[in-house]
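Multiple structures are listed underneath, in structure tokens.
First chain A sits with chain B, and in the next complex the same chain sits with chain C.
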Partner chain A sequence: MLLDYDRLGWLRVALVGFTAAVAAFLLLPVVFIVLLSFGSSRWLAFPPPGWTLKWYQQLLADPTWIDAALTSARIAAMAAILAVVIGLFASFSLVRGEFRGRQVLRGLLLMPMVLPVVVFAIAIYAFFLRIGLAGTTVGFVIAHTILALPFAIIPITAALEGFDKSIEDAAIVCGASPLQARLRITLPSIRIGIFSAAIFSFLASWDEVVVAIFMASPTLQTLPVKIWGSLRADLSPVVAAASSLLVGLTLCLMIVTALLRRKLST
Partner chain B sequence: MQGNSSRRGSVAGLPAGSGSALPALLLVGLFFIVPVVALLLRSVTDPEPGLQNYAALFGSGTYVRVFLNTFLVASVVTAVTILVAFPVAWMLAIMPPALGSIVFGIIILSMWTNLLTRTYAWMVLLQRTGVINRALMGLGIIHEPLPLINNLAGVTIGMVYIMLPFMILPLVGTLRAIDPMTLRAAALCGASPFAAFRRILLPLSLPGVAAGGLMVFVMSLGYFVTPALLGGTSNMMLAEMIAQTVQSLLNWGLGSAAAFVLLVVTMALYAIQLRLVGARRTGGGI
Partner chain C sequence: MTRPFLSIRAVRKTFGAFVAVHDVTIDVPKGEFLTFLGPSGSGKSTTLYAIAGFQDPSSGDVLLEDRSLLSVPPHKRNIGMVFQRYTLFPHLSVAENVAFPLRVRRRPDGEIKRKVADMLALVRLENFADRHPGALSGGQQQRVALARALAYDPPILLMDEPLSALDKKLRQEIQAEIRRIHRETGVTILYVTHDQEEALHLSDRIALFREGRIEQIGTGEDLYLRPASEFVAGFIGNSNFLPAEHLQTADGASTIRLAGGSIVTGVKATTSFGQGQNVRLMVRPEAFRLTPTPTSVALAVEIVDTAFFGDRRRVVARTAGGDEIDVRPTSDAEVGDSTATSGQRIFFDPASAFLFPA
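== the complex of A and B ==
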């Protein structure tokens, strides 16, 4: 009866308790960081002696934090758009192509997700140093697009595999051009896949630290690089405020995703 | 399945339907394959042609210790992750959906929260004067603060935290695919819950555990951020050593050689993982 929730008996109490403990463990750092960001202690004492908004004021008054956030958003948006467009084209070929080596091609395009990021980071850094793209926005976008590509390809190919191609063929039989059929029939049908691809590729770039640490220059740094620098220097509460805003952003993204999924799938 | 239109899209001289993969192939070829191959070549040409970098890597006690420590940390993290993830995945597979969706929500929230944010939280929580030490001392469990950061304990806690979703989510799928009737049959035949667990539930979920475990192990081997922030200098891991060798010591030859070792080990383990889950289902919880 081990797979019957209602008949587990005493074992259920133990397992539900354990699951609740793990859920608390997963939630702990996220809740803690938000509480900490409102605490008045410079030394991160917890529970804090009082509550304050001054770390948020310091954060928002510091142009380097704002700059870093805007840089991150710009790079992540460009990388996500490129990854989704290039990934969409590649997915058609991966799902519908009839050629040998299709699985090899798939493996190759997904490889950036598997290879340890640090290996890619020093490889692309060395390469960009040689061709003059290190420390540039273009370099950042190219490197992040490569890392984001697998996160675009996986949901789009999954959606495309679930789409019945005969519907597209029917449109062509009825006089639509292949391009029209793809734009007006196929793309709207796989929009949930495309939407997931956009979210995941954006996050892949937005959260990326390792390549960014190598690629950053004094004039161009992303938010993770800025946080990384502050963490290595001291554990200032300003980082807690920045982190809490990121948690808020994650929550918004989760809610938007859930709502859009519900709306798109009806 | 395959209609005419997919052939129509083919570019002259290219196999049918492969044309639209060209941009991706160009991008990955030029900015992924070329740089990685160039890096690997550098390991045998920098500063001069030969295998001296590999000799230095495997001949030095310091670097061998980094290798061993990397495997030790990855093994401990994988083992703890499996032990913690299994009961949770088990419950998630059979819980009423209303209750389960709360737990799923928490897992997704933790997974999507910025990696540095989570690591920063653990740095503060695990400090000598941090909340965990204070709570334990307040409860009278310990009298001296435990060293929880800049050592194996810190890295393990921080990494298990990050890896748990990658183990739980696929494992839920494996456990849901098991037919509950097999366990009902075992109970009817008089098997004790323990025997049913050991002889039916565990063997049937083992492929999922092995695949997830291997993925966690591979990810842990090459992890950089968390070990660098929560680990100590005495137990450095390979990824941090590679970054440091290149960034601070500017020793590209040695760094490339270490990167090549990491690449070979990762790819070999990944090939085994593909065998376990089948090439179709890569990508974990996405």
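== the complex of A and C ==
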């Protein structure tokens, strides 16, 4: 190949350097946030004069933060479950269905991923205001389910496309009803895709802030909304601690996903 | 005559204007190994899928012991099937794959365990019970699929080109296994393949499909020795076709004039031809001799090439009419003699040749 890594010569050094710079540019802010959350300076000064856990103590002692984290988790879990269930049905019809407009439907279902979030947020906020769902958990979950749907549909359709339908037919010949065959054979066979869909749609809701700001009410706040609000009110290192926890949980989920995928695929 | 076990009656399948299967009718006695042979797109798989229930015939009926299968959904037909592709359930062990049809039938655990052990012994994979399909070779996977398809003692086993993904040596090995399993279980098998050698090796009878119709049905010998048409003769075994003109037929023996001018008498006539009608003479490569016999006729040829294959010799000859002939003399003496002949004449017994319309 023209761009064979082994034959790049001195360009290899440049390539490695450039890649490292990009990675650092993307990751350093996160690293600084985490470092600052352990720093003793009230004003987020770097390098910190000393190290402390007091911001975490304050964070965990403040019921509004705990409340926001639990709200986030609750909404993300519900949105993920809904997105996976709807995503499963949608994927079966997108992959197996033979009807006109299948590609249009696929495009429509994946649209929330490419639509500017703020446009979607304003539209759904205006709609929810009219039907009285603004500021409610139900409204929040519906809005986040729509946003999470593409993240559920992409891995499930990919898994379903990679699954040979003859295997399902074999189960039916063996005596399983079409529903039994799908539940006992097809779903377990595509479980890696379903699992990825659950994690990705959970995360899509968990760290979503734009729609959340519109959906939130003084009594219903997710963690990203609370962080955003606190940043504007006072720049306390507690925000850094909360952000670190947010990043930490996301990271944990990604690691668990990677480990499970490796285990399931062997 | 006893009633047929499985009866396929005037089954027709159309896809829009395309007729995939034209009114196919076959009666299958219990315990028979029947092969649907034919080129791809000849309707053999479609017919099989109609029996399995994955294709509803446009018209016609499929009867098992006089009861129509068409109104029975596929999962209640109690038919065994081995597919062309590997269809083991990837998340279940070999033993659980074989147990699956019994589990959906809610058989007791003890019976399931016993049956799974029997089936794995039948396909000689007892030591693989705990493996997952991903850890098996293609041949082993198809043997497990066979065990799974037989675990519930189905009256009929359908096999849709089960060996086409395997290499030649493995194919022959599993063909022998399938023969043994058919012998041991006595199950009625309908087998689809496009490989004529496989069909000849395995089957009690062969139904040769062409463009959605059955061209001929009979034993391998019937099809090879008594082909009903040029298509059958060309599909089963190797054949040479020589253009000729029909002169006359008397007492079941025809006289023809080959394109090069030589007259051949005593060719077996299966259908009647008019005088002067253009026909094609079919001679099997192994029917040619390099030395004359009392009943043979001679054909003036030019030897183009000879090749030695150990157990036989292959000669390519060209007739005066310009047609190339594949010649594979079989007897040992002739193999030795082939280099000694002048190479200007080859011989065949007209009674072993066939005439077909051109």
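Here is the rule we use: the second predicted complex is superposed on the first by the 264 of 266 C-alpha atoms of A that agree within 3 Å, B and C clash if a C-alpha of one lies under 4 Å from a C-alpha of the other, contacts with A are read in each partner's own complex, and residues count from 1 in each chain.
In this section, contacts are C-beta pairs under 8 Å (C-beta built on N, C-alpha and C of every residue); 3 or more make two chains touch, one makes a residue touch a chain.
What you are looking at is a predicted structure, and each value in this text was computed from that prediction instead of being measured.
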Q: Check chain A with both chain B and chain C modelled on it and let me know: fit or clash.
A: fit
(Q) In the overlaid three-chain picture, which partner chain does A:180 touch, first (chain B) or second (chain C), both, or neither? (A) second
Q: Return the chain, chain B or chain C, that is in touch with more residues of chain A.
A: B
Q: Report for A:90: first if it touches chain B alone, second if chain C alone, otherwise both or neither.
A: first
Q. A:172 contacts which: chain B (first), chain C (second), both, neither?
A. both
(Q) Tell me the contact category for A:189 with respect to chain B and chain C: first, second, both or neither. (A) second
Q.
Quick check on the superposed model: minimum Cα to Cα separation from chain B to chain C, whole Å please.
A. 5
Q | Shared chain A contacts, counted only where both chain B and chain C touch the same residue | A | 166, 169, 172, 178, 181
Q | For the chain B and chain A complex, residues of the former touching the latter | A | 1-3, 5-9, 15-25, 27-28, 31-36, 38-39, 42, 84, 87-88, 90-96, 102-103, 105-110, 112-125, 127, 129-131, 134, 161, 164, 175, 178, 180, 183-184, 187, 193, 196-197, 200-201, 218, 221-225, 229, 239, 242-243, 246-247, 252, 255-256, 259, 262-263, 266-267, 270, 279, 282-283, 286
Q.
Taking the touch rule as given, give the residues of chain A at its contact with chain C in the complex, in rising order.
A. 164, 166-167, 169-178, 180-181, 184-185, 188-189, 191
Q: Enumerate the contact residues on chain A facing chain B in the complex.
A: 1-5, 11, 15-16, 18-19, 22-23, 25-30, 32-33, 36, 44-46, 86-87, 89-90, 92-94, 96-100, 102-103, 105-127, 142-143, 145-146, 149-151, 153-155, 165-166, 168-169, 172, 178, 181, 196, 200, 203, 206-207, 209-210, 213-214, 224, 227-228, 231, 235, 239-240, 243, 246-247, 250-251, 253-254
**Q.** chain A contact footprint on chain C (complex, rising order)
**A.** 52, 54, 73-81, 83-91, 100-101, 104-105, 145, 148-149, 152
